[in-house]
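Dropping the structure in here first, questions after.
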Amino acid sequence: VSARAGDLVELHAFGLPDVQAEQPAVALALDEAGISDLRYPISFDVGGQPQRTVATVALAASVADTVRGVHMSRFVEALHEWHDRLSVEGVLALLDDVLNRLGAETATVALDFPVFLERTAPVSAGAAFVPYDCRLQGEVSRASRSMTLTIRVPVTSLCPCSREISDYGAHNQRGTVEISVSLRLDGVDARVELGELIDLAEAAGSAPIYTALKRSDERFVTMNAYENPAFVEDMTRAVADALRRDERLLAGRVRVVNEESIHTHNAYASVAWHR
Amino acid sequence: VSARAGDLVELHAFGLPDVQAEQPAVALALDEAGISDLRYPISFDVGGQPQRTVATVALAASVADTVRGVHMSRFVEALHEWHDRLSVEGVLALLDDVLNRLGAETATVALDFPVFLERTAPVSAGAAFVPYDCRLQGEVSRASRSMTLTIRVPVTSLCPCSREISDYGAHNQRGTVEISVSLRLDGVDARVELGELIDLAEAAGSAPIYTALKRSDERFVTMNAYENPAFVEDMTRAVADALRRDERLLAGRVRVVNEESIHTHNAYASVAWHR
Amino acid sequence: VSARAGDLVELHAFGLPDVQAEQPAVALALDEAGISDLRYPISFDVGGQPQRTVATVALAASVADTVRGVHMSRFVEALHEWHDRLSVEGVLALLDDVLNRLGAETATVALDFPVFLERTAPVSAGAAFVPYDCRLQGEVSRASRSMTLTIRVPVTSLCPCSREISDYGAHNQRGTVEISVSLRLDGVDARVELGELIDLAEAAGSAPIYTALKRSDERFVTMNAYENPAFVEDMTRAVADALRRDERLLAGRVRVVNEESIHTHNAYASVAWHR
Amino acid sequence: VSARAGDLVELHAFGLPDVQAEQPAVALALDEAGISDLRYPISFDVGGQPQRTVATVALAASVADTVRGVHMSRFVEALHEWHDRLSVEGVLALLDDVLNRLGAETATVALDFPVFLERTAPVSAGAAFVPYDCRLQGEVSRASRSMTLTIRVPVTSLCPCSREISDYGAHNQRGTVEISVSLRLDGVDARVELGELIDLAEAAGSAPIYTALKRSDERFVTMNAYENPAFVEDMTRAVADALRRDERLLAGRVRVVNEESIHTHNAYASVAWHR
């Protein structure tokens, strides 16, 4: 016979031992304790519009050296409270909420989710969605707040060397421009839109990526890519050069990966900076 | 200097060679040609309510032995047309649309997406979402239609052998009950709801999975699991036994996987049937 | 205080209840019960030479309707016995061993592993390894034996349409030619070498994939690909056409996937046949 | 007609333009440019014995602000030279080789691979392999060398809270103790063996993981786990406490992840330190 909720519900009122509140065997403070790999439906602000998508969430708090463990259910409760109104500001509010629910020194989050933007093909103007993978990593304490936004923008890249040394043709492939920027959190003037980062990344590639291309579009992107060859090093430099001068950013990192069409491995380049 | 859409747009009107329409070098009909691994935002009907989620899509058509290739952009156009009103019926309509756009004998789809249901904890009644991975695989031709629905339901399983042979304790773990059913497509009476399959799967496990559990809930699920030990073989049989008698189904398969807590590998069992 | 092996070792001699040997609650025979996702070091015969690699293994047996469950440890014991001398024949011997250890009607295996072949660049002749993902799926019963060999061969593919409609350039990308063949198991004459399947797949692509290419090689593969454009449909047909006439094979399937450089999704084609 | 290596081979002698050696459009030095996601067969020293396994490799060099790009094939050539004699020292030698081949300021590597150790079950003493995922990350410049070793050790963990608040049973699950340590590279006295880290991790869990367990073993590990409950916080602290006093290490990080049997998400804790 299975236990039934009815038999046990009185325990709810009386309470049960709080094992997490015990003294730890080792008096060592922890940077983070929490939950990870939680898939959750969220609504995230994209250019002023809420977009429904699916996130993978890690949410944690620091643990003092006098406390054995955190109450894991509180992270889920906080996320459930905020899941349908997330944005950079919403994520900070979620972290403040976690800080209070847990009574912790610091709270941290990592939120991975795809954003979809409707893009129109360059000649036929047909519309379809392109996915952009995003990540928000934030940390809030009583004294400080930080937030890093990462976006991965797919591009086509065409190899300058292959084009130069060959009588015809040039190998080209899917590339990904990954941009990570540490945001200033001091007001509307410092706001960074996903669209800005996508534009920068696409301008650095040989041609943008589209989901639906008719023949007239395919002709356009083929020739466009051939006219704009770019190494991973070139793309990395072009994007980093634009961003490292941007006063809205505290720090940044650009990493470009090419899924080389002539190899089974990838080529990549990366550079990080801070102001 | 890069090519610009303006320079090339006149080609749109005049047309370009249709390479796909050529005769193939080898006169062999193909089962499927199309697109795969396309991530797309969709709305899917869950118990009468549209739910926004993110799908990974494969969409294809058969190719006659006289035609070299398919026009890949048409699959995206069809998906874009239907993406915000999908359901079992909506997917069939999408396949009919593909059949017409491509002029093909058969059209096939595989749609993978998570569905989130808000579940309440067994004692505290706190609410949070649980993810259920779903897959719809369909095929439509001029003469026939078929659709297989797959859902993966997470459960806790507790090992009957470990419990029986030990003086105390029993190893338990995350398990997944994967149910695939071939649907009859002849009307409302044959409709199968995701909730029915989830209930069956959870009843076969040692305890359901919840996202947020307070201590009173944790006590409940711990004891509940201990009172309901189940091997992968037991869970597979319990679910299959219920479904193989279900007249709404043409065929089915149950596969249960346990992420054994005492190993790094999994244990599984499976059985398939058709009427 | 933790239990120690010494305290419990006497139980080994006396035995413990055999819960798996009980009658099942539902008298339903199962197709498969066993282990999966077990990573194991193996040695696999490649062209007469044993190659050390790492496999992911699923190994299972059927379960009669009178038996509750299988003894999972026996699969590991059988695999440990055979892991360093695997080949098509060695896998059949492993399945015979499982059949005997479990006393089952049928035993099944799925073995996924990469094989590495040293390839020399087409001009510079520099050597490096190329990975080829393989899968062996086998089933043995008292009355029958079957084995399917799958190999995934990376190739470069260049789009015939893009080349034809563009004044210069052509999009190209990594593609994968996946070949699955059901082997006749009646002797040396029916043996199929991995190298044969790799050659067929590479001949169907626009250019082979190499791991190390100097500039002279890159020029060669760039121009080679431009001269040999191929759709996924073309590659699928070329490989299937060669294999469906091969009397050593009982059945087969070819599936080619292109990681389109102008999209984030893939293009694919597939065809299956049997004799 | 396809190009043949014969037609092009003379170009090898005469040389082709060196596009990578050009001035970059943006005079910005890059941290890393190289290859990633290359699967390669390697031999790695485990406790004095070379073990054949399969690695995923990233290998890169810094790029000066006066050079457009790196020659990617040189990374593969260096790896091919060293792939069958890797160890901590061997990886440093590989990096030195890369530094020389590329003429770069710094060279970096990330090498991910499983190591398999044969373990004997605690009562039956049956032997089977357990996989341990390892990562080596190194950086070498003219002036400095650093190396971080990461190992992921699977354990069983049993929840102290669940045990305390329940009349019987306790939820338990697969956990992973991930240990990252920055190695001192100044001689034999500072050498750290994988086996030491595995022992520490297993001692912190509720019970070790084995691949093959007979019933007597299963009884042992079930009861052993019940007698040694441990939160992710407890395990993290126990391992970190032992390592932060270890004078052979410059810095370290411990991260423990529990694949909670009562949830679909994980619980984790982490702490980092340096001397």
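Which chain is which? They are A, B, C and D, in the order written, and residues in each are numbered from 1.
The rule is simple: a residue touches a chain if its C-beta (ideal position, glycine included) is under 8 Å from a C-beta of that chain, and two chains touch if they have at least 3 such contacts.
These numbers come from a predicted model, not from an experiment.
Both chain A and chain B are touched by C, D.
In summary, the pair chain B and chain C forms a contact in which both copies contribute largely the same residue numbers, shared numbers making up over half of all those used. The chain with its CA mean position farthest from that of chain C is A. A straight line joining the Cα centres of chain B and chain C is 24 Å long.
Taking each chain's centre as the average of its CA atoms, chain A and chain C sit 34 Å apart.
The set of chain D residues that touch two or more partner chains comprises 16, 38-39, 131, 161, 165, 211, 213, 215, 219, 223, 264-265. Remark: chain D residues 16-17, 19-20, 24-26, 28-39, 57-58, 60, 63, 68-70, 72, 160-161, 164-165, 231-234, 236-238, 240-241, 257, 264-272 touch chain A in the complex. The residues of chain D lying in touch with chain C in their complex are 1-3, 5, 8-9, 11-12, 15-16, 18, 38-41, 52-54, 73, 76-77, 80, 83, 114, 116, 122-124, 126-129, 131, 211-216, 219-220, 223-224, 227-228. Within the complex formed with chain A, the chain C residues making contact are 130-131, 154, 156, 158-159, 161-162, 165-174, 207, 209-211, 213, 215, 218-219, 221-223, 225-226, 259-265.
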